[in-house]
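There are two complexes below, and they share subunit A, which is joined by subunit B in the first and by subunit C in the second.
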Partner chain A sequence: MDMSGVDRYFPIAYGVDATDIVLRACQRHWPECVLRNATDDEDRSLDDPDLWIGNSLGKEFFVYRCRRVAECWHKQGAAEDNRDSMLHVMIAAGENDRNRICVVEIHDEANNMIQKILAAMEQGLNDAGTVPEIYLLAGEAA
Partner chain B sequence: MSVQTDREQMHSALESCGYGWLIEYWGDHADDRLDESARHLERFVSEYKTQFGEQPDPLGLVDSSPLKAAAFFHPTTLAASAPIQCAVWRILLGAEVQELDFHYENGQPPKLTLQLKTPYGEMEQYQAMEPQDIKILRHLGITVVNGTGVVLDGYYAPAPK
Partner chain C sequence: MTAHGSLATGGIIYHYTDKTGYQAIIAVSDWNFRARHPRHPRKPHGAYFTTLPPDTNNLAERIGVSKMKTRYFFSFTDSGDLHPLNARRPVRFQVKLYYPDDYLVTVERQCQHGENPLWT
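This part shows the complex of A and B:
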């Protein structure tokens, strides 16, 4: 059976905090997930504040459904019994911080939970911002 | 980590986050407003430390997470009460908005209650203290689920031009 991943591409709207969007989408559907940078070998859970406001998470990282699954992936890589349990995320910088792309490699396109995570990511990453740049300062300045 | 907020640090943070226009807008009153903002930030740090036993470092965000710094140093957030700034900080740290009650009646004080779920699974409740607190609502991320459901999650700065 072919265990290679499939890449999904999501454009990132300018100014959108892509890492935050990805973390929240994963948290909503995989609350026990752990994350690992492509450049180190430490699994971090979502209650690690550095994931959210530090710069411990790089531009390429892996999200595993839970710690047990992460250990399984580390030991045996892609296998039939863990194909629906990992996302490989890459946030590629564009020119002048524009035209960024989020690439998510998945191993089970049919998995319902993975589809929900991808849908949440797509919606957030495409959102040019929930707030118009115009706000009233007149009242504050008075 | 010690957080020493003074006029220059506040000036630098606002400029780095793209809010240099606000300092220009303040004009001759800029120094006073920067000092006031710095004091307000100190009140948040103190409130957060009292409540959670940890010292937040908003100025550190400017380097470590510029987009989140832009959300926290947005004039709307800076003007919010310390308890609501604590809620914003918790959201930046991954807390999800579980429930939000907002009641508005023309000419009356608005009522806003936020219930957050932290990544640790704990529930926390926050209440607006000042009228300007309700302005934070415009910064919450909005995701539509299953066509009609809505998830309010994340706290973001306006999209830059």
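This part shows the complex of A and C:
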């Protein structure tokens, strides 16, 4: 079996909500994307408020460019015509994680849109300035 | 390069393949998983495996293979000589393994093989 996919690694700055940054980067460049937890079999759109407020995404999830693409991945797995349309995101930023890191596995390194999404993620994950003010205040109080 | 040691869940390793690959491997008593050159130039030459069992949700997505290649599986006990394919990942996400040459699994290490019951 030939396992496709190449990893990109992004350190996560202290206090940054990695899932929120990933969602916003995808929303900006793939506005119709759908997401699926690695352990679930339900596709969820960005309209689902639980994604944003409830933080119900797990530490490993997939982002598909649109619902049609998601269905293609579920039916065929990795294929020539869908490699540029899915991100496999893994986030290690819990209390027991020594290194706060976001791993994004991509299947088409040459795709411009994917590169833009990764650049947006990298900037947000590394930039403590993107942290909502409430987190900064909490940090100062501590 | 270090062998993955304790990465495998429960010490069981899995290999997935299609019908043609499955029939070739079971044709002899000792399973021989052939090393191949992957399409990606930076991926190592080798035989590829995973720690994820057949009932794993989104199996094809998680290991980056076509759905057809998850139709048949082999499982065998880990002997600690496989390498993580994504060594920089946090350990919990290191589910892909490889061996840089053909990989022989003798009868004593073999567990199960057959059609993936959840394959659709």
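Assume the second predicted complex is superposed on the first by the 119 of 142 C-alpha atoms of A that agree within 3 Å, B and C clash if a C-alpha of one lies under 4 Å from a C-alpha of the other, contacts with A are read in each partner's own complex, and residues count from 1 in each chain.
Heads up, the rule we're going with is that a residue touches a chain if its C-beta (ideal position, glycine included) is under 8 Å from a C-beta of that chain, and two chains touch if they have at least 3 such contacts.
Remember, it's a predicted structure, so these values are computed and weren't measured experimentally.
Undergrad: Quick check for you: in the superposed arrangement, does A:Q123 touch first (subunit B), second (subunit C), both or neither?
TA: The first partner, subunit B, only.
Undergrad: Counting only touches as set out at the top, which of subunit B and subunit C does A:H88 meet: first, second, both, neither?
TA: second
Undergrad: According to the stated criteria, A:A13 is in contact with first (subunit B), second (subunit C), both, or neither; which is it?
TA: So A:A13 only meets subunit B here.
Undergrad: Answer with first, second, both or neither: which of subunit B and subunit C does A:L46 touch in the superposed model?
TA: first
Undergrad: A:M113 contacts which: subunit B (first), subunit C (second), both, neither?
TA: neither
Undergrad: Can A:R28 be said to touch subunit B (first), subunit C (second), both, or neither?
TA: In the superposition, A:R28 contacts subunit B only.
Undergrad: Touch test for A:A78: subunit B only (first), subunit C only (second), both, or neither?
TA: second
Undergrad: Which partner does A:I101 contact after superposing on A: first (subunit B), second (subunit C), both, neither?
TA: It touches subunit C, and subunit B stays clear.
Undergrad: Help me check something: in the complex, which residues belonging to subunit C touch subunit A?
TA: Contact set of subunit C toward subunit A: 15-17, 21, 36, 38-40, 42-43, 48, 50, 57-58, 60-70, 85-86, 88-90, 92-93, 96.
Undergrad: Which stretch or stretches of subunit B touch subunit A in the complex?
TA: For this pair, the touching residues of subunit B are 25, 61, 63-65, 67-68, 71, 75-76, 79, 92-94, 96, 118-121, 132, 135, 138-145, 151, 153-154, 156-161.
Undergrad: Which positions of subunit A touch subunit B when the two form their complex?
TA: Those residues of subunit A that touch subunit B are 13-17, 20-21, 23-24, 27-28, 31, 45-47, 49, 51-55, 120, 123-124, 127-133, 135, 137, 140-141.
Undergrad: So in the complex, which bits of subunit A are touching subunit C?
TA: Per the stated touch rule, the residues are 1-7, 9, 36, 38-41, 60, 62, 73-79, 86, 88, 90, 92, 97, 99, 101, 103, 105, 107.
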